[in-house]
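The following block contains the structure, expressed as structure tokens.
First chain written, first letter: the chains are A, B, C and D, and each begins at residue 1.
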Amino acid sequence: MTFDVLVEVRLKQGVADPPGATLERALPALGFGGVSGVRVGKAIRMSVDATDQAEAEALVAAMCDRLLANPVIEETVINVAEAVAAQ
Amino acid sequence: MTFDVLVEVRLKQGVADPPGATLERALPALGFGGVSGVRVGKAIRMSVDATDQAEAEALVAAMCDRLLANPVIEETVINVAEAVAAQ
Amino acid sequence: MSQGRRVAVVVFPGSNCEHDAVEALERLGATAELVFHRETTLGNADAVVLPGGFAHGDYLRPGAIARFSPVMSAVAEFAAAGRPVLGICNGFQILTEAGLLPGALQKNQGLKFLCTTVELEVASNTSVLCSGISIGTRLSIPINHFEGNYTCDPVTYDQLVLEERIVLRYVDNPNGSLGSIAGICNEGGNVVGLMPHPERACDQLLGSEDGCVLLRSFLEAA
Amino acid sequence: MSPAEDIDPVLPGGRVSPAEDIDLDLHRQLGLTDEELVTIEKILGRPPNRLELAMYSVMWSEHCSYKSSRVHLKRLPTTAPHVLVGPGENAGVIDVGDGIAVALRIESHNHPSAIEPYQGAATGVGGILRDIFTMGARPIALCDSLWFGPTGGTRADASDAADTARSRWIAEGVVSGISGYGNSVGVPTVAGEITFDPCFASNPLVNVMCVGVLPVERLVLGQASGAGNLAVLLGSSTGRDGIGGVSVLASAPLEGGDGSSAKRPSVQVGDPYEEKRLIEACLALLDAGVVVGIQDLGGAGLTCATSETAARGGMGMEVDLSAVPRREAGMEPFEVMTSESQERMLAIVPPEKMPRVEEICARWEVAASVVGRVTPGGRLIVRDTIGGIELASVPAASLADEAPLYERPMSAPSWDAAVRADAAEHLPPPGDCGSDLLALLSDPSVSDKSWAYRQYDHQLFLNTVVPPGGDASVLKLKAPGLPATNKGLAISVDGNPRWCALDPRAGTAMVVAESTLNVACTGAVPKALVNCLNFGNPEHPTVMWQLSEAIDGMSAACRALRLPVVGGNVSFYNESGGVDIHPTPVVGVVGLIDHLLRPPPGMALTDGSVLFLLGPPGTGLGGSRWATSLRGFTGGTLPALNLNMHVSLIDIVVSLVRQRLVCGVHDISDGGMAVSLAEMAIAGGVGVAVSGIEGHAELFSEAPTRVLLAAAPAEAESVERFARDSGVPIRMIGSAGGDRIRVAGLLDVTVATAREAWSTGFPE
């Protein structure tokens, strides 16, 4: 079975995020008020072959631990869904 | 009201994604087989003040158009949810 | 004496400062040899340098993929044996990713790549890079990076300070580095990472020879 | 082969696939004229099919065939004893002695940079690098010549806020694209220029130059020889990107998004890591002697690379489309043949060498696929699979070399006479030359460019003796694998649309003069020039006239200076809303220093030194930045350029610098003597007192062939005598000291104020 995966890699709370801060500072001047807490992370999408959802999730979790995030500063949010056949 | 926003900025289909391709090529050697279609985009989170969901969505859509993505090569997926009070 | 020391300069696909490192080390009398990342041994090297560049493209995160290169096990063993290992710029990033040095390197505060010459101050002389150099010595050395903003958790930082493992600090912090850190070392002082490029400051014709001071110390420890 | 075989071959797999019903005006949709279609039919002896039409359309485009400019380009001087390869190849190559050759080339990436500044500029860098390592040269330096609309925040600038915001987005994106790609691919960006002018607001110019070095014996040409040799595609897989105009051929619109454009991006994304591995792999292949020719895939992709290599070698080629690695499913043959996907090369390999090629490519993790083979007979045949059906069969040379040449109509613009009648010299003199100087220094076109080049790795390879910021950048001539020498290279890139708009012929000659003088200021003898001709719409007769004039001006200057033009690029259709940009020929000059043992003096003033003005007096203000930027006056005539005098000046400047008789040297260009004086004072951190300057005209004139020289008092007499002996006028005008820039009777500002204005011109 194939699974569609979305991994969000984001900076841990408390870790400074210069791109997010810069974006946030730029917004009011462009007419976008009322925006706060801007954080810029990565969105990694992929297709994973696995026998079931649990296996797919385990695989992705291992990838996150070993490669996709640097645990010193980052954490991940994993989303795994069975791929729609038509795709 | 405050809304939690997640914007995924990703390259359009057909646009080459060197970071995704490089990651995909590296995976098998690291013991991660069965992975394909890796694409690396941005995940931007923020809090937005708006009177309702529709207004928040419109604001974020305008931000995407004007600032967060270049429609020549990128597209965005917007997620807006009412913030949980406790946060 | 640095004469005759054998240095392995590791080449990842995407490295680009390897020849520069060789040139600077040989100028100081060492013999430097390129070691491709697929090698599993370091030959009979007395010291190892991980040079600057963009190993494996650095698209995901600097050093994220490089740390899995076969040669890195040999580097880790070499380091564990107390032998001198120096990571310059991308090499520093790789050493942190590989867990041979603590912390991480984030994007520069100004969100711009920075290629310029900066003033450094020797903050500790307990490592192989600065042994014999008086604390407080100022050195003029180029930096060249986008992700050189050092960060770590407060406990680690306190530890670095207490154990005198902050090797070099910027006089004028160019990139937002925690504590103006330009370079750090491991507990043994034999593994050092720094963002500035000492090999770019080893020739008066290029503007500064201050880098020789550091590289000579490193070679003498080998 | 008999000619008959050349017309309609019967080969295994059957005849070329018949022409499908083609819309009658399909060729027009593809940008081919009716006459061009007739020519194609004559060449083929039959109507072309869709794939063939696509191949002609891309190869006979202005971009690939230079069909509007070629008749004019022929007038450029291109030969000299030291020229190993002139225009027409991927890059020009000169012999600099000691067994070392230097390859150079400049190219534009203007249009992609207007819509995706970062990737447009990045892929421009990637493209020019491939032109250089294709020749067997290791790229050691990049230069960028950048032209943007005003970004706001300056006194003279009244542009619309949305325009300035957009120009700023473009400027910052382009600079970070060059930074992102150049730094990561590992080639230092050592020189360039950045200018802001309203004519570039919708159509920025991004020209990138690359210089490479090679042992003379490694020189290779992009040609296919030896029937039976393999055509090997190296690098990235092929996608639908960069197909552009030919996409009207798609048999069915691509599903999804907003129609076909959604899946056929017109802008490519650069992959510097792939390119870095390609550089290492290609140079290793050449060192191992396992390829007979190599060619980059740029504009017109596989069609261009296969037809050009075959035509240059006088051979044919069979291409097996199924062997081309694709990034996407369902690509049509025309898409594969015309895709401009980045980071690909075509190598011609003798079959017995293929295992070694595979080994080298595997080491550098570069994909290598045999996609065709060299054949006798000069035909380029495209099949879907080996031995499969013929999808296209055309004479390779007809694609590569036989595009029609046009002598497009030309006429001088009607405003020409009127523009010249008025004179900038009649403008009222400034009440305060000091405040005009400060205004000029804070103009982002004049001010400090370190905000840009600080983002470029300009030190890699330990060669950069003079970093960006001087008149020309100076590099050691050194690279792994080259014989050791003490030689150095000086590089400068220059353009000046202010001058060229006023008088494209004289203006272009003055641009060449300035660029050579920049190089000479470092003690280097100018050796070769490359050019990038950025012009408007060639269907406008005034644009063709500008081009023709510019080429004549460049030719005259290069002939006088004995400077061969070894390569170039023409970028047309730089227009928006029907308005053409000012003519902007950009030149890159490379000079040679025989003994680079100490850094050249540079422009910094030393306290106590004596200041000379070397060169003929100049007071003309036509086309000057003072007249155009500060007074908004664009008419008048350019100050005269005396080419013989310029040649003498170059000689003497080189000699004075080499003999170390001067301790500071800086040419007079943008902003005139006032700005040059200020730049020298700022660089040295010391003031200067000057007298005997005739008025604001002499202060702000950009008359060519003038240099400011600073010498230690003890050397002053030698400097003067030396100049007199060579017949170039010289005049002592002052001395360095104190903390003010003073020109008696004209201006008096502190060095600190000048520095403040100059360093904050482009607010970050």
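Points worth noting:
In this text, a contact is a pair of C-beta atoms (placed from the backbone, for glycine too) under 8 Å apart; a residue touches a chain by one contact, two chains touch by 3 or more.
The structure presented is a predicted model; accordingly, all values stated were derived computationally and were not measured.
Just to note, of C-D and B-C, the chains joined by more C-beta pairs in contact are C-D. Note on chain placement: the centre of chain B and the centre of chain C lie 35 Å apart, centres being C-alpha means. As a whole-number value, the distance joining the C-alpha centres of chain A and chain B reads 9 Å. Centroids of chain A and chain D (each the mean of its C-alpha atoms) stand 40 Å apart.
For chain B, the set of residues that touch two or more other chains comprises 18, 22-23, 26, 30, 40.
The residues of chain C that reach two or more other chains are 56-57, 59-60, 65, 68, listed in rising order. Annotation for chain D: residues touching 2 or more other chains are 271-273, 365.
Contact between chains, using the touch rule, shows up for A-B, A-C, B-C, B-D, C-D. By the touch criterion given at the top, residues 115-116, 119, 236, 239-241, 256-257, 262-274, 327-328, 341-342, 365 of chain D touch chain B in their complex.
Interface residues of chain A facing chain C in the complex, by the touch rule stated above, are 15-16, 18-19, 22, 67-68, 70, 72-73.
Residues of chain A touching chain B in their complex: 6, 8-10, 20, 23-24, 26-27, 30, 32-50, 59, 62-63, 66-67.
Residues 13-14, 16-17, 19-20, 23-24, 36, 53-54, 56-59, 112-116, 142, 144, 146, 197, 199-200, 202-203, 205-206 of chain C touch chain D in their complex. Contacts from chain D toward chain C in the complex involve residues 176, 179-180, 183-184, 186, 271-273, 276-277, 280, 363-365, 450, 453-462, 464-465, 476, 480, 596-599.
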